[in-house]
């Protein structure tokens, strides 16, 4: 009976410690004003993306023939573009596309990159050589050229672009994961586990993965921003997201021609890209701080 | 302050401001005086403020540190150095010009992208306004003075081309180039091998005697101050707690901390049944130091009043002997006597059985160095060669040696992380030297390892409980989660930890606690043999005794056999029954631990023992440092015959050509032709 | 040291070969009939079809075709552009100079300015100037180039009418004044990100060096602040900047794509975009190959530069 009580007390104690750790994490993360700003900004973008249909009454690809290139009015808050599509709704739905592509591409790249990096480092030898040489080859083709060439081959739907942007960022994950895995692999605690007779599977799950995740997560948060930037660039070049899907980059590119009459058609979507990326990067800085045990003020 | 004082550091306070604006006091009124031509020692554990005192005096603190109180006076001229701005000309003339400092880390303290010669010459140019050619000549002269061979040729080499000992010599040359009055050696030899350390310290002493340089040796090693320092300052938690001559400090210590420290550390000349009395607890961290005596919480001399009175001031307890304690000399003496009678810790009983746990015979491990794209083999060497010994149940064998002696390779080969190239490793009669991983699994259960650095041997992302549970889970020893959890609790209690700490992560423990967790993890699969690879060398001296006693208790409770690897001879001698002395991969001597100090036979063993300073100036006065030639070479350059032949004063042709094997000499196993 | 160099050159060649294989198979990966892709239309007659078929060596096996293609590439013969009907190499030869010229100028502008701000920021750590510089650099790092370009166009060209909205001309053709007017906006766009990048890198590596033991050693010798900063800190602190400098040089041909398209500069960016839009395969292949080779050489040069400035690298290689 006493044992049982003991056990319960221990479990409560464990829960308390976990709660405390979570609190510390949150506190460190939001200890800087810029991070709070980033988090709030990002949340706003996220809400807009999720509730897009509730925010605007127009379908982003609906063409109002009667109102082509209309100036801002009560009907069309930010006016319309050259096809009579409502700029505001396209902006709102554009947030969706940017975030979807950003998150999708980064998740894909991280999953592939982390797996390959771990495999290369853990098994070494020929496997390592093959993965790393291919990785270097991929890394040495300039990103924008690679994505352009891949667009020509694969296509430019939202999913295609996510894959393409993922391919260009995979090498960074592979490199980092490999280096970190090698570190963990040579650590004394892995030696101890091996000598205790632990299997490779056990070591990868219990030792390697938990130790390589935080730098990867930090990199992922940062990469969402740069991926969104890249996507908008491709769309700006006219090789990004297929028309008529609303993309901020495409909107800038299409609005360019009207810079004399209505500069906002092009300037505002660009500003959205910039703001979203700034928010994401600041949020990323917060995540980095929170994951650094030195900064968490552990003692 | 007397007339003889060259440097007088008086009542300095040093504070650090952390990122969130909190101010922490790391030094709390430290006073130190240094006479002309004198060597003083500043001893204390990590965090005691000994290095910080030196950095404060020289205004070398990091940007967030400052010294708002106190004074530093040189030459008794009444000028407070702390009044000068840190980068002012006046301060720089003192720092580097009058007082030079050698730092602990030889690997990182020299600029890696600048040649060593230029780094020395730079000092000459700065302080004497010499021309480049003059500076170079002077730099080469200094390099010769600190015994760097081929000084001219090595002038234009980079720091990474030098060994640790050589780099420290360069640091010293750099300091000497400015012809200073004071040399500060801040843990300058801590990272070096024992024989290298001794050579370097002897050189510093000679410089002091011949050139009249005053020296401040900052160290945690009581032996070093006992051997070299004329006066000693003992520091604890940002305070000087006791000052006195070597005889005062080691034969008539008056501060409870000094007394406790001397009871906690093993000495090379200890009698067989010496009991170590650890200092319980940890020093207070700077931000949480109490208003009362900082040692109160760990002090077993403390009285109720100590807690209610403010921090004790320094009082004279004898001629030139000062201590910081509320208790009177008589009270301390009486208590010391009482404590001596009381048996605090009974030394664990030893039962060595005849059953042989580990029978190692003729084991060698060869490594190859491969280079280039084709991975062509360019060299190979035996990291360990012809290792033979037997380990019995309940016995502790200590393995000592300097860097490159192969002690870690031996441990790993025995654990079968490496497969030996020759020889057999028999565990309870079964040869495991060439078993596959699968066949090894049951044997791995019976042999476990404790690692050196408790911070890198714990997975930072795994809770202490999970780490200890790992071998149990892997070996599937207990079925249910409850049973595993119970076993982990039991193990925690066994190593003296509260099972409530299970959910904590490694960084939340102190170094000593982490090492206890390491021991608990090793014990989890209920092994018969523990291989301990430098298990206490990363711990502070007052904590070491706790772990040593724990290991001894566990051995007598569980009947374990230990293979205890360390470079600290005193610790090895204290804990071991037999000692194996290794050098460049070969066994030089195997001896009973009691006999080793009194009767070392192999020339290397003698040199090694004489290089280890003993924490007793009276004993030190009678000992002679056996001169040993040069530093430990890399294993790659092992001499052809006896590995020690190129440094041995007795070596002859045969020694250089042939490798002696172990033979019985007066009860020791010795590998030497001359014995 | 020489061995290491040879090893690195070997690695570089291997990478270029790998990329060439990948590039070659790009063509096979594009959906649809290669011949029709090349012709650019579906309704071609039989004779024309077979003519293209044999021109492309489609009767030969894939490895043979690869070897033939590679042989051509080594002689800078990348085939004929489908849309411009000119040898691809000629196209590249005419399009590369404006791109290289602008990128080089932008790099020359960004390095000193970025390093300067980085040092100011590191030396005044946690002071107001540091906060402002860091914040600005972080924001500039997030701004899309095209947006900066458009904003500048709107302000300087549309509103103030100081500069032409787009276009490019060499001084020999349009005169120096006009030339400068053309390149001001593209240069600002291309440099801003670079300045931000160099500032951030300089700051962080300088802060890293300040904490090193050897800086404390240098100060303990009584060296003047100037000497510690310039002799000990700068040399160590500026080494990591080579990495981003190398990265920037490696992107010189491809990196100005957006700006070239925005300002209608007849460079590689415009050529790339047009060939992608028209699926002009030989040109795409050539661009991928050339940009990759260029970036590989840039990385190689970075490593060599490292070997020269940092003795640790060459020593580690020769001792290992």
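Every chain is named by a letter (A, B and C) in the order it is written, and numbering of its residues begins at 1.
Convention: a contact is a pair of C-beta atoms (placed from the backbone, for glycine too) under 8 Å apart; a residue touches a chain by one contact, two chains touch by 3 or more.
Since the structure is predicted, the reported quantities are computational estimates derived from the model, not experimental observations.
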Greatest Cα-centre separation from chain C belongs to chain B
Leading the contact tally is the pair A-C
So, in whole Å, the Cα centroid of chain B is separated from that of chain C by 52
Cα centroid separation, chain A vs chain C, in Å, comes to 24
Distance between the CA centroids of chain A and chain B (whole Å) is 48
Residues in chain A with touches to at least two other chains are numbered none
Touching chain B in the complex, chain A uses residues 3, 7, 10, 13-14, 17-18, 187-189, 191-199, 202, 206-207, 210-211, 293, 297-299
Touching chain C in the complex, chain B uses residues 58, 60, 62-63, 87, 91-97, 100-101, 103, 105, 108-114, 122-123, 126-127, 158, 160-161, 171, 174-175, 178, 369, 371-373
The residues of chain B that touch chain A in their complex are 20, 285, 415, 417, 437, 440-441, 444-445, 448-449, 451-453, 456-462, 466-467, 470-471, 474-475, 482, 485-486, 499-500, 502-504, 507-508, 521-522, 524-525
Chain C contacts chain A in the complex at 11, 14-15, 18-19, 22-23, 26, 29-30, 135, 138-139, 141-147, 150-151, 153-154, 158, 165, 250-251, 253-255, 257-258, 261-262, 272-273, 276-277, 279, 284, 287-288, 291-292, 295-296, 299
Per the touch rule above, chain A residues touching chain C in the complex are 34, 133-134, 136-137, 140-146, 148-149, 151-153, 225, 229, 232-233, 236-239, 249, 252-253, 256, 259-260, 263, 266-267, 270-271, 273-274, 277-278, 281-282
